[in-house]
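Note that the chains take the letters A, B, C and D in the order they are written out, and that residue 1 is the start of every chain.
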């Protein structure tokens, strides 16, 4: 049975972390640590895959830890197994990448101990089967990732990011804690089995849903709880950023799915789905719009995480809506789409962050305005990054497209929903989804084009070198997986089936692998079908034929010369489009509404030789109207009450006296 | 075997008392420090023997499920603190903040304090309890004023006035309890013995009990530092020697709270008396929210953690106010965890203040770079006290919040708010001190004794993952009695 | 319980309340100390009377302790301190005297309101004493609240403790431990206060606490 | 045997679209010239241009990377596959289920993605202008397109183009407001996607106004030829899309007799001719708009699409 083994592995990871603390003097230890995490993650990956594909029957285990009268319950079912696959795949690749990347780490003593601990925390969250163990692992995960974010604490920005991150994490944990308290009842039946058995009243269930949405959403980065994410994820070392963005957010989604789909059982009210759906749509569009405004590569990627979380939640919301109306086949489609996108996003977001890390080590730059032309010195990194960018932009035949296609198919089933609001909401959200997909494509044309194409904008970019082989291996493993998942979606869908069945009253999609040519047919082949494999083959065929014929029959000669550029000779690299200028049209179309974007050109007076200045002002409405007021209120209140520290003894005596008199009066009146 | 238990009990009282006398007379602070440590160790051993051999109660002293773990905790922490204070005091002597004469006085008072607290915990007699707590108050007053700076004197004076006022109120409450008991139990000592009172509490005059509880809550609550009776606490922590701050936060507050809880048992044993729950819940929430707000503006590191002690006293009081098996269990656990963690924090803070030569937070930067052990120790301590896993405070806060929300959601919201507030403000300060660019000043080497801090944190860590069976059993019994 | 004994006990206890009012009324330090001596004297009488009617002889000890310490030693000591510190000027009172008296009256009313309905089962004597004792306690606290000066603070505190002794004496058959502890506490209290006043005088010219209150974190930063 | 013919027919369609594409472009150019009272080139001129370009050597900028050379083949492949998957003269061909309408739209998206990257590759200012404007236009055109897809698939209950076409042939469709809105929106999207007036001007080389041309500015020789061919394939695709959805008459269904196929081809040619003529007419009768009016133009398309979908809900739920 693989559950005990899977439980043993986090313990090994923790031991590795402790070993990292004790041997923090040696130089070669980063190889040692990352090698160990790599091996452990690979083993865990294998076990999880085995239990997902071979026997998804739940296995439970209870250890005499945690709450004494409860013990620590652990459970390995299809859902946990799937997420274990996601987590440990990401962990393994990140470790492999770090084998090379970790050499450049400036403060290894602040990374090595916490990296294994972080992995262990995520694994434990997935295995936990009672509220206490779950939150314990959850908070431990937040804590270790916080330590990793604080690794380069000497930049004030990172310190601020870490602070905001941990406070938001604590906020989310409190919300989850309240949700569990609600579900467990006053006599503290904290193990999930009891919670499943107990039926919550509709009101309580709705409250629990909202709390779970707040708790898990704040960790996953749902708008408007996302503010910490684009600050914290880039602040960490890149392989950690990959884990946080690609994997930890998925663990957060797991928390939501576990509570809402598994513990709460049937959704009682249709508006649950509407709520989640609307939140998802808003999150998707706002996330990508934020991303378009960035010129810091890693922050751009972090904002895209927000967008993809939105897409995932769209799928989940649809599933809730369908389940509330007992349309289980449709719900199965929506759930499959969401889960598929979870897998995909973990793949390409890790890939992209690792690529950004490679760029960072090669140039020491995260600011795209100072990069450019990297495709020449580092072609392989560029190729991998390009694949990731194409995948996240939902371009066929890569994997990102498949999951978004499935989501669209699920939306197309929404007219069967009886509720009017949902009828109207679904296509609107579909429009938002389409918009975010298109904007994502624009954003990644910008990200890849400005970073890798064109001519170098800074000496650092000009002198870049290709990264080490470990990193390249990591990048290309992920890229290959993106392609595989894109052209063989049917197999992935089939392996997701047990998870869907678990969450969906044992209703699941039709098995795909016996379709002709491995076509993906979610509902029925008269309705819709897609075959990534054939698309790839056709494209390869036609492209190859064209190339062959042209080179054979027509010319294959090439001459190099200066760029023509409508006859402007030898323009300096500064005349290229920058990230800001590339985003300018979209900023004018969307940003002026959302961010109150203001552009100002400051022309020096004639005769003045200073260059003209162009500046853009963006304002973050969510921060300004959501968070700043709270912070100000706390500061104001604490300043308001601060004088109580500086009273004279007489005043303190009168406080005691007042308390006494009030209580006595209360007594007198109470009788 | 009970003889052995009785021997242990007597040892718990005799050893500190005689050590006090010897230390008064003994010259030389090195010998003093050693004797201090060894005496504390002796009483710790005695406390541990109590775990095995528990004597039966008499009219003056008793050992039961409630106080036994507090006794062990008390002597453990005072032992580790004595180890810490040995190195701390040496440094103080070098910097000339203290003279050997004062050191002799300090060590004697330390043992006397230990005696007083042991007496308070062992007492089976509300009069004796009161005497012991008053004794403890007076001793701590003297120790807070030890440095004789203006600030220290002012703190001690404030502490003295408010403390003795609280004592007076507590005495009045004690008299009222006696008056309530006397018609039922009969005159004389039995009417002041816990077991007698608890057994016959149901027949007491309820209204009189209520009045008594008001006075006792205010009186002992002053010692426990509940808002609005807290005023003495921050200054007393900030201006006294750090070992005393550790003992104050770690032990004395617990003892005061222990007294309140004993009387709460009495109340809940009487079916007609009004439920003290709402009163304690109100005071607890007030303390929690107020302390959370006050944390933000603190400039002095020891005052900062003093306010966090107020916050945690608030949480504990809230938990006991809520009542019920879960919340009471959580409260008991939180008392233990808080005293261990907070004293560990004060150990660290003491060394930090010595290393940096200041207690001002704004001048402490990048500790994890300059003093890795102290810095990470501080981080671990704050993380633990903020109620994050894998430390034990998480368990208790988990139980408090979840059980409260299940029963009274409207009460859980301010609780969660206060927790978040306190967490945010504390973390803000931590970020300032532990991280960031260290100011390029000379890094003063400090001969820190890390062991006490590590011991405490290790204990808290273990408790966070696994709780020993007997402890759980005691907690459950006491929780049942607390109603 | 015959009426005369009850009346006398009542009279004495009430007398203490009256004297507490006098304490509130005083504005000069020496007068305050003298009135406090009177306060303690009345306490001694009350306790003594309790001893006779309860045939509780240990209460005589209490009365004796109170007489020696509170009625004689402490007032003289305070006289000396005041003279040494040279602060025998009129001391400022927060709020008008009349207002304070009025508040005091309200406090007494509160004490009786709280106490009378409570101890219906306990015997009348104890109840009466208890009511008055509570009143004295509250008045002492009130005195501490309304005075700036350290000496008057101490006096207020001790008048409060007189109230406690009265209550203890009223409690029938209360073990000796308590009285001893009280005396003990008073003794220590005096020592500590003396120490404090001494140190304080080392550093300040006055015992006025606002002088001390002005050294605090906030003011320092 | 039957399978062989199926493969054959599928292959015919692929070749057909490839061969017809330049002719369509030339046809539109000719009509425009005629409408402007010019004699204009013969409709076959694009073939000559392509052959000429193919024979020329490719002149690459120094800063061009491998992506710059690969992109034309990718773009061409993507567009050819997409165009071949749209039913032209017959529906329900062998591989028609390979990609539904959404997938076809996404294929166009990938072609655009690489084209925009190619525009940025050399690192000139004009390439940047072209790419950024192209992506801005696409970011509005794609949602509009998907809204149209929604409308159609809600109506037909499928996103398979062949199925939609067959459904449109059935009588039960009738005249619907939603369909009209969808048609209008589709036309607007088609204009924007193919860089026609008023959104863009395929004929211009006035730098600041061009979008599509700016991106391919650095291309020459065979690469340029492939891109031109891809562009005309795209135009063909959109016209055949309009044809098979809104005027599906005459279209054969798979497995029918050769005569049916021939009729289908004839009908298809007719549709293309008509479409080309209308496009030219439209282009000659309207002026190009500012770049920052395009968002309103396409926003209108998006709104029309959404409106169509919603109205459909209303009508369906009756």
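Keep this in mind: a contact is a pair of C-beta atoms (placed from the backbone, for glycine too) under 8 Å apart; a residue touches a chain by one contact, two chains touch by 3 or more.
Note that this is a predicted model, so its numbers are computed, not measured.
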- Item | Touching both chain A and chain C (chains) | B
- Interface with the most contact pairs, given as the two chains involved: A-D
- Note on the structure: Cα centroid separation, chain B vs chain C, in Å, comes to 31
- Please report how many Å separate the Cα centroid of chain A from that of chain B, as a whole number. 44
- Interchain centroid distance [CA atoms averaged], chain A/chain D, Å: 35
- Item | CA centroid of chain C to CA centroid of chain D, Å | 100
- Message: Which positions in chain B are in touch with at least two other chains?
- Response: 157, 161, 165, 207, 211
- Indicate the residues of chain C shared as contacts by at least two other chains. 114, 117, 141, 144, 153, 209, 213, 216-217
- Task: Please list all residues of chain A that touch 2 or more other chains.
- Result: 642, 645, 647, 649, 653, 656, 660, 664, 667, 671
- Which pairs of chains touch one another in this structure? A-B, A-C, A-D, B-C
- Item | Touching residues on chain B, where the partner in the complex is chain A | 157-158, 161-162, 165-166, 169, 207, 210-211, 214-215, 217-218, 222, 228-229, 231-232, 234, 274, 279, 290, 293-297, 324, 326, 366, 368, 383, 386, 388-390, 394-395, 398-399, 401-407, 409, 412, 416, 419-421, 423-425, 427-428, 431, 435-437, 465-467, 469, 472
- Query: Which residues of chain C touch chain B in their complex?
  - Reply: 114-115, 117-122, 126, 130, 133-134, 137, 141, 144, 153, 157, 160-161, 163-164, 167-168, 171-175, 177-178, 181-182, 184-185, 188-189, 192-193, 196, 199-200, 203, 209, 212-213, 215-217, 220-221
- Message: Considering only the defined contacts, which chain D positions touch chain A in the complex?
- Response: 14, 54-67, 73-74, 76-78, 80-81, 84, 95, 97-100, 102-103, 106-107, 109-110, 112-113, 116-117, 120-129, 131-133, 135-136, 138-143, 145-147, 150, 153-154, 157-160, 163, 205, 207, 217-218, 221-222, 226, 291-292, 295, 302, 305-306, 309-310, 313, 316-317
- Message: Which stretch or stretches of chain C touch chain A in the complex?
- Response: 94, 107, 110, 113-114, 117, 138, 141-142, 144-148, 153, 209-210, 213, 216-219
- Message: Considering only the defined contacts, which chain B positions touch chain C in the complex?
- Response: 125, 127-128, 130-131, 134, 138, 141-142, 145, 148, 150-151, 153-154, 156-157, 160-161, 164-165, 167-168, 171-172, 174-176, 178-179, 182-183, 187-189, 191-192, 205, 207-208, 211, 235, 238, 299-300, 303, 360
